[in-house]
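Before I ask anything, here is the structure I am working with.
Labels run A, B, C, D, E, F, G and H following the written order; every chain starts at residue 1.
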Amino acid sequence: MKKNKTLVINSARCKACGLCIHFCPKKALSLCGEFNDMGYNFVQSDQELCVKCNTCGTICPDVVLKVVED
Amino acid sequence: MKKNKTLVINSARCKACGLCIHFCPKKALSLCGEFNDMGYNFVQSDQELCVKCNTCGTICPDVVLKVVED
Amino acid sequence: MKTFREEKNFSWCPGCGHGIVARLCAELIEENNLRDRTCCVVGIGCGGFHHHYMEIDALEAAHGRSIPVATGYKLGLPDNFVYTLQGDGDCASIGLAELMHAANRGTPITVIMVNNGVFGMTGGQMSPETLISQKTPTCPFGRDAKLHGNPLKVSEMMQEMDGVAYLARLSVATPTLVRKAKKGLAQAFKAQEEKLGFSFVEILSPCPTGWNMKVVDSYQRLAKEVAEILPVKEFINKVGGES
Amino acid sequence: MKTFREEKNFSWCPGCGHGIVARLCAELIEENNLRDRTCCVVGIGCGGFHHHYMEIDALEAAHGRSIPVATGYKLGLPDNFVYTLQGDGDCASIGLAELMHAANRGTPITVIMVNNGVFGMTGGQMSPETLISQKTPTCPFGRDAKLHGNPLKVSEMMQEMDGVAYLARLSVATPTLVRKAKKGLAQAFKAQEEKLGFSFVEILSPCPTGWNMKVVDSYQRLAKEVAEILPVKEFINKVGGES
Amino acid sequence: MESNTLFMKNSEIFAEAMIRCGIRYHFAYPITPATDVMKYTAAHFHKVGGRMFQAESELAVINCLTGLAATGQLGCASTSGPGFDLMQEGIGFMTAAELPCILLDNMRVGPGDGDIIGSQQDYFMATRGGSHGDYYIPVYAPASGQEIVDLMPVAIDRAFTYRTPVLFVMDGVMAQMIETVDFTPAKETVSSYDTGEWSYTGAKDRGKRALITGSYAHSDGEQMVKKLMAKAEAMTAKEQLWEEYELEDAEVVVCAFGLPGRVCREIVQERRKQGEKIGFIRPITLFPFPEKVFAGLPGSVREILVVEMNYGQMVQDVRLAVNGRCNVSHYGHVGGDQPMIKAREVRNRLAALVPA
Amino acid sequence: MESNTLFMKNSEIFAEAMIRCGIRYHFAYPITPATDVMKYTAAHFHKVGGRMFQAESELAVINCLTGLAATGQLGCASTSGPGFDLMQEGIGFMTAAELPCILLDNMRVGPGDGDIIGSQQDYFMATRGGSHGDYYIPVYAPASGQEIVDLMPVAIDRAFTYRTPVLFVMDGVMAQMIETVDFTPAKETVSSYDTGEWSYTGAKDRGKRALITGSYAHSDGEQMVKKLMAKAEAMTAKEQLWEEYELEDAEVVVCAFGLPGRVCREIVQERRKQGEKIGFIRPITLFPFPEKVFAGLPGSVREILVVEMNYGQMVQDVRLAVNGRCNVSHYGHVGGDQPMIKAREVRNRLAALVPA
Amino acid sequence: MKKKLVFAGSGGQGVISMATLTCLAAIECKWNAVMSQTYGIEQRGGTAVGFVVISDEEIGSPMIEEDADICCLMHPMIVDAHIKDAASGGIVLYNSSLVKSEPVRESVEFLSVPATDAAQELGERRAANMFALGRLSAETGFVPIEALCSALEKMLGEKKKHLVEINQKALRAGYAGGCNEEK
Amino acid sequence: MKKKLVFAGSGGQGVISMATLTCLAAIECKWNAVMSQTYGIEQRGGTAVGFVVISDEEIGSPMIEEDADICCLMHPMIVDAHIKDAASGGIVLYNSSLVKSEPVRESVEFLSVPATDAAQELGERRAANMFALGRLSAETGFVPIEALCSALEKMLGEKKKHLVEINQKALRAGYAGGCNEEK
């Protein structure tokens, strides 16, 4: 039974540091045009490209990204 | 020209610790019966036995003994 | 996760490595079921925010004195799990004597030194770990080995101490290294839990603000330039587990 | 000898190794013609009497702080010859951070640590150098590795520091070792004079009073039991001379 | 020790009183004239499951004590002048963090390494928060071994009640004095205080606690200092202790604390026998300073002679307490072969003040 | 820097004034709000052959300064509260050893790590010998960048004249303030003092010298303290500095030091314009405290309102100085988002004291 | 003539630069200036506030206590603490890009400036502070825009010369009321 | 009845033991006792002084100030400093083995005791202190010799039990006025 994985983004925590974008092997991440409450143009993902490897979640210094299984 | 060596003892400084006696290879040293000003029965040498090796002067913690050449 | 307070945003700068370390600690506390009896002693420095984001008891020590505080705490509650979270300024500059004595004593606590090579909180001044030529506000012409000495190899100084049960230099420079850091940290925690002695991990971390660098560049510098001088390495592992 | 004040009796206890160290220092200062520009910084401890017996300028530092005092002095008068004379309590307990930082910086001073394994002046309490099982007033049941750690290997901690130009553990346990100690000390002085960096000598020395032993027995203990744990050894010698 | 009446050094009496009252942790670093305390605890604490921990420095001492106190247990640190300096930052931290502990400063001559013989020169440091910031901690100045024993349970109570470090000061002469003491008053009391309300023993289900010593919002700093000031006020209202003697009709009052207090009291008794109207005050708490006894002095008092083993420290508190209502003079003595204040000098001063 | 009039942070003004007066060594360890001083000296000292030495801790800082001072050269150390605590033992040693130096404490909120914003809570430590033992050192409390510059040569002179550490204190708000300053008064003066008489530069033919910080005979301790007390007396007689304003007919006097002094002076000026008989005193030296101006106050003075960024420290010196001759009240404020004392509160207090 | 100004924001937003530049610009105009500041312990993300007094006379007290003529609020986190700094009748500028709804307070005049958005459009989000300052100059004339522009060069000095252009651009764009004309 | 005694010597001579033993002996006799002390910083060779007050009433001030009934001077280095401790009319014992010429002072009674020599003869130089104390008991009766002997056992305790014999021997030899009878 293949598990269903999702990349969850808690964009309120994102500081737009760009690390996840840099390390994502699939180039699935980018900064969006909107600001969160802290004033940062937070990260968004392209679910098509994302392979749920959690590389981004491993490096993100602000615990924004997480791949969860259901 | 053979130099003349003497073992000089500054007995006022001696604290009768016994180290020189212990290390003297010739057993040329001993504590005497008199006290110096500090109240110690200071070291005396037997010039007959002494070979002026300065072992005693090397170990004496109170700079009492010294082999001098003239 | 009960340990981690997701609702509280980190107040660290964008890209700061302290966030990664905090996450790893929270995960390990959770995974090892330590939360109930954990006490974290934080140093004065940016790491001093560490405990703001976790549901654990915490003590804020005077600058440089986390280790004696942890020692006193452990004496009073020997079954609790005690770790310090200190910066390199806190731990290796003003607090060096306390570190070395606790290590030598084999005090059963875990010390985490987040080594970002500067005094982050006070504005990026030179620390004992600043690299040669690196410019900071207090060595504006670059650290000079003749004037300031070379980066202090803190981990190496403890190599010959019998009291040390786990000793490693780790890094958060890349996702791979972060995973490795978690394993090292897990061993350090275990060393304490198994009462094997003192455990120390030095975690190389970036301070993009203090280094005055873009975040991604700071991680690259950490992976290369910093690691060349301060190699990632496990020095002592008496736990024996995988790491 | 102009340096040595023969008219002043030492106030050390009978058999105290501090006397031998003082004589060696006086001889070397004299032989190397250093007297005019020597400054000795003494720590608080029995070694604090050291300068009473010499015709040299001297500073009495706060307990444990001789090294920063020497550092400041050397900054102000870089051409003067500066050495510290400290006990193991002063240098390795309260003053450990200052020692390690000066060594790492390569500060061009000479540090002499007279290691007698106890706090002599205050009555023979445990120092970081007390041997396992040795009884002192503050470890009346003997030093216990589990409670107090093993004797701290101070010299070994500096082995990997580039700033250190001379590093050795010496001893005054026998006449032969005293002669060897003089040679080591001479190299340490030279390291400073040749501006090669920091120089450190640890001199194993007896404290018959603190050890509560007869003088001769204390020298025998020094030669055997102490040297087994803290071996006499030259770790670093960048001077290159004979020693 | 089984018997209750023993002949011991006051430093040892202090240690034994701690044991009997239930203190089980002592942190220290050797320094004359305070080392006797740690020698005693090293030899005796283990018998009751306690521990004397010799740290690498006084900085480590006070910070170990901080960690121990955070667990809710009562510990002690003892030292003298130079070591007391090094502990100040930590004492300030403990006060800010509201952690109870017992501290002992056996005062010696200063500044600098000074001299190992006794003095009373740490009065300012002791009473005016020797660390930076606004804060005060209770300070007890016993004058005899018996008073050490009597005060120990009081000090422990105040440490827990106010959640604060509590300081004992003795001059080094008194610390090294040997006298007979009855330990009956030193009952186990530590265990009767519940510290569960505030101690840091692991979050469990009660939610986290964090010991804060700094402020992350500026308003925290203001709140912290206000809280400390409120405590100081409460202590000032409730905790003043002193010994007084024949004040009712006194024209001249001699005021001294600690051992000099004992010397002066004997002189005052002797003068009273001569019919001279001399009274005596010995502050037992230095903070809070016993202002009340000064406020209550009769109008007959013309002059207060303050006698200290320093060059004028407590005299400031006496002046502040009487606020100009009578003359305040000072006789101080420090160091020398016999560091204690000179009875002859006190008698001379009194003779000048109360002509026969 | 070539121009004499510059717009700079007060911490930088302090550093630049040191350079211009000839100080060439600065020892420090980073701490807010004092780090700006070392940042400035790090960037500028080398141009004049000087050196900023960042030590591993404040303990190392003060002891490095001790060694440097022993060579006869004038150095400086700067810090804030927690670091100032750690320097106390060393400051006591320097005073005992009669070594001149310049110290700066940029005060922040305490105790504990407290808060990095400004306060005036280190008054007690600064004025009552924060280390153990009896001693006093001169303490200058400038109220503006210009006054820092004006006082620097004075402080240097006193350091050499009395052979003593000299301390500057500023609250952290003032330390971080940026204002315009004229550097003309900051003339090179350090080099004009001959230290050959006492400095430790190698025995050569003059015979050895030993800097003593402890006593090997008990009488030494007594002598040392007496010497320090004699210096303190001389300073008390000669070195009091203060600013006064409209005291002649004053009924109420406001007294504040440092930056709050500037705030209060403006309020007093404003009230005077309303015809209220209010005067103003700003102590510039905290030790010696300017008792003289208080001794000279006219009989018209009913009340002195002391305003401080603490909960009552200098007010003790005011009380001691007036010794009950008039009422002394206190308004203190510490911390909060705007740590400075509140002008509104001062106005309210004055309104209550001088009903319109 | 004396003016009191408060610049408040989050650490890293450059409010201290706004305050400093105001002082330098005032000095260009031969006025006196004093700036004081408070800040959080964080290097970024904490609060930062610059208090400025400029005057053509000598400045005694440098303090501002609910009597600021102008109050600039650049970030939502400081609005509550610092809106009270404005004198009644004062002007309150707020960065409407981040402060999403107009702050509540009586008897002040509000100036809503989308500074972060505008700066983003100019290509440098961090120039939001200069945009706001330019706008303030246009709206209140507290210092002339030219004084700000030339003071900026002095403030940035040789080392940060490369930043002059973008910041001047933001100042002028703010002064012009937006950045559209620069497109 | 109250007696004040001073025991002064060089560190390591055991003068503090003399003082302590005096107190313990007094306590054996159901008196009160207080002892205070000063000492040099050296472990050996510095000065050491023990001040003792014994009384059958409560002891207030424990201080001795030129009013000692008995003053024991065991070493030449402390003679000048402590001969003045004796009250006029007091007794001054000095260790004539080391203090070679009689100290100079008016209105005191001198007791010359060659304590170090005597102890040396007994085979333990370090028992000079006990010899002097024994002699003092014989000459002044300040405490009975039996009280000293039994207090000695308590002072030395289990750990130093092996030292009781030689020290008691010295006490008794001193009491007997020499060591000849023990030969």
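Note that a contact is a pair of C-beta atoms (placed from the backbone, for glycine too) under 8 Å apart; a residue touches a chain by one contact, two chains touch by 3 or more.
To keep track of the chains, here are their UniProt names: A, B = 2-oxoglutarate ferredoxin oxidoreductase subunit delta; C, D = 2-oxoglutarate ferredoxin oxidoreductase subunit beta; E, F = 2-oxoglutarate ferredoxin oxidoreductase subunit alpha; G, H = 2-oxoglutarate ferredoxin oxidoreductase subunit gamma.
All values reported here derive from a predicted model rather than from experimental measurement.
The set of chains touching chain F and also touching chain H is given as D, E.
The fewest steps needed to get from chain A to chain D, moving only between touching chains, is 2. A comparison of the D-H and E-H interfaces places the larger number of contacting C-beta pairs at E-H.
Separation between the centroids of chain G and chain H, computed from CA atoms only, is 83 Å.
If each chain is reduced to the centroid of its CA atoms, chain F and chain G end up 34 Å from each other.
Centre to centre, using the average C-alpha position, chain D and chain E are separated by 38 Å. Of all residues in chain A, those that touch two or more other chains are 38.
Annotation for chain H: residues 38, 41, 45 touch two or more other chains. Taken residue by residue, chain F touches two or more other chains at 32, 56-57, 82, 89, 93, 97, 112-113, 115, 117, 213-214, 216, 218, 337, 339, whereas all remaining positions touch fewer. Touching chain G in their complex are the following residues of chain F: 7, 32, 115-117, 173-174, 176-180, 259, 262-263, 265-267, 269, 337-340, 342-344. Of all residues in chain H, those touching chain B in their complex are 10, 45, 75-76, 97-98, 116, 120. Chain G makes touch with chain C in their complex at residues 12, 41-46. Contacts from chain E toward chain D in the complex involve residues 29-32, 35, 38-39, 42-43, 46, 52, 54, 56-58, 82, 112-113. Taken in their complex, chain D has these residues touching chain F: 35-39, 41, 44, 48-49, 51-52, 54-62, 65, 68-77, 80, 97-98, 101.
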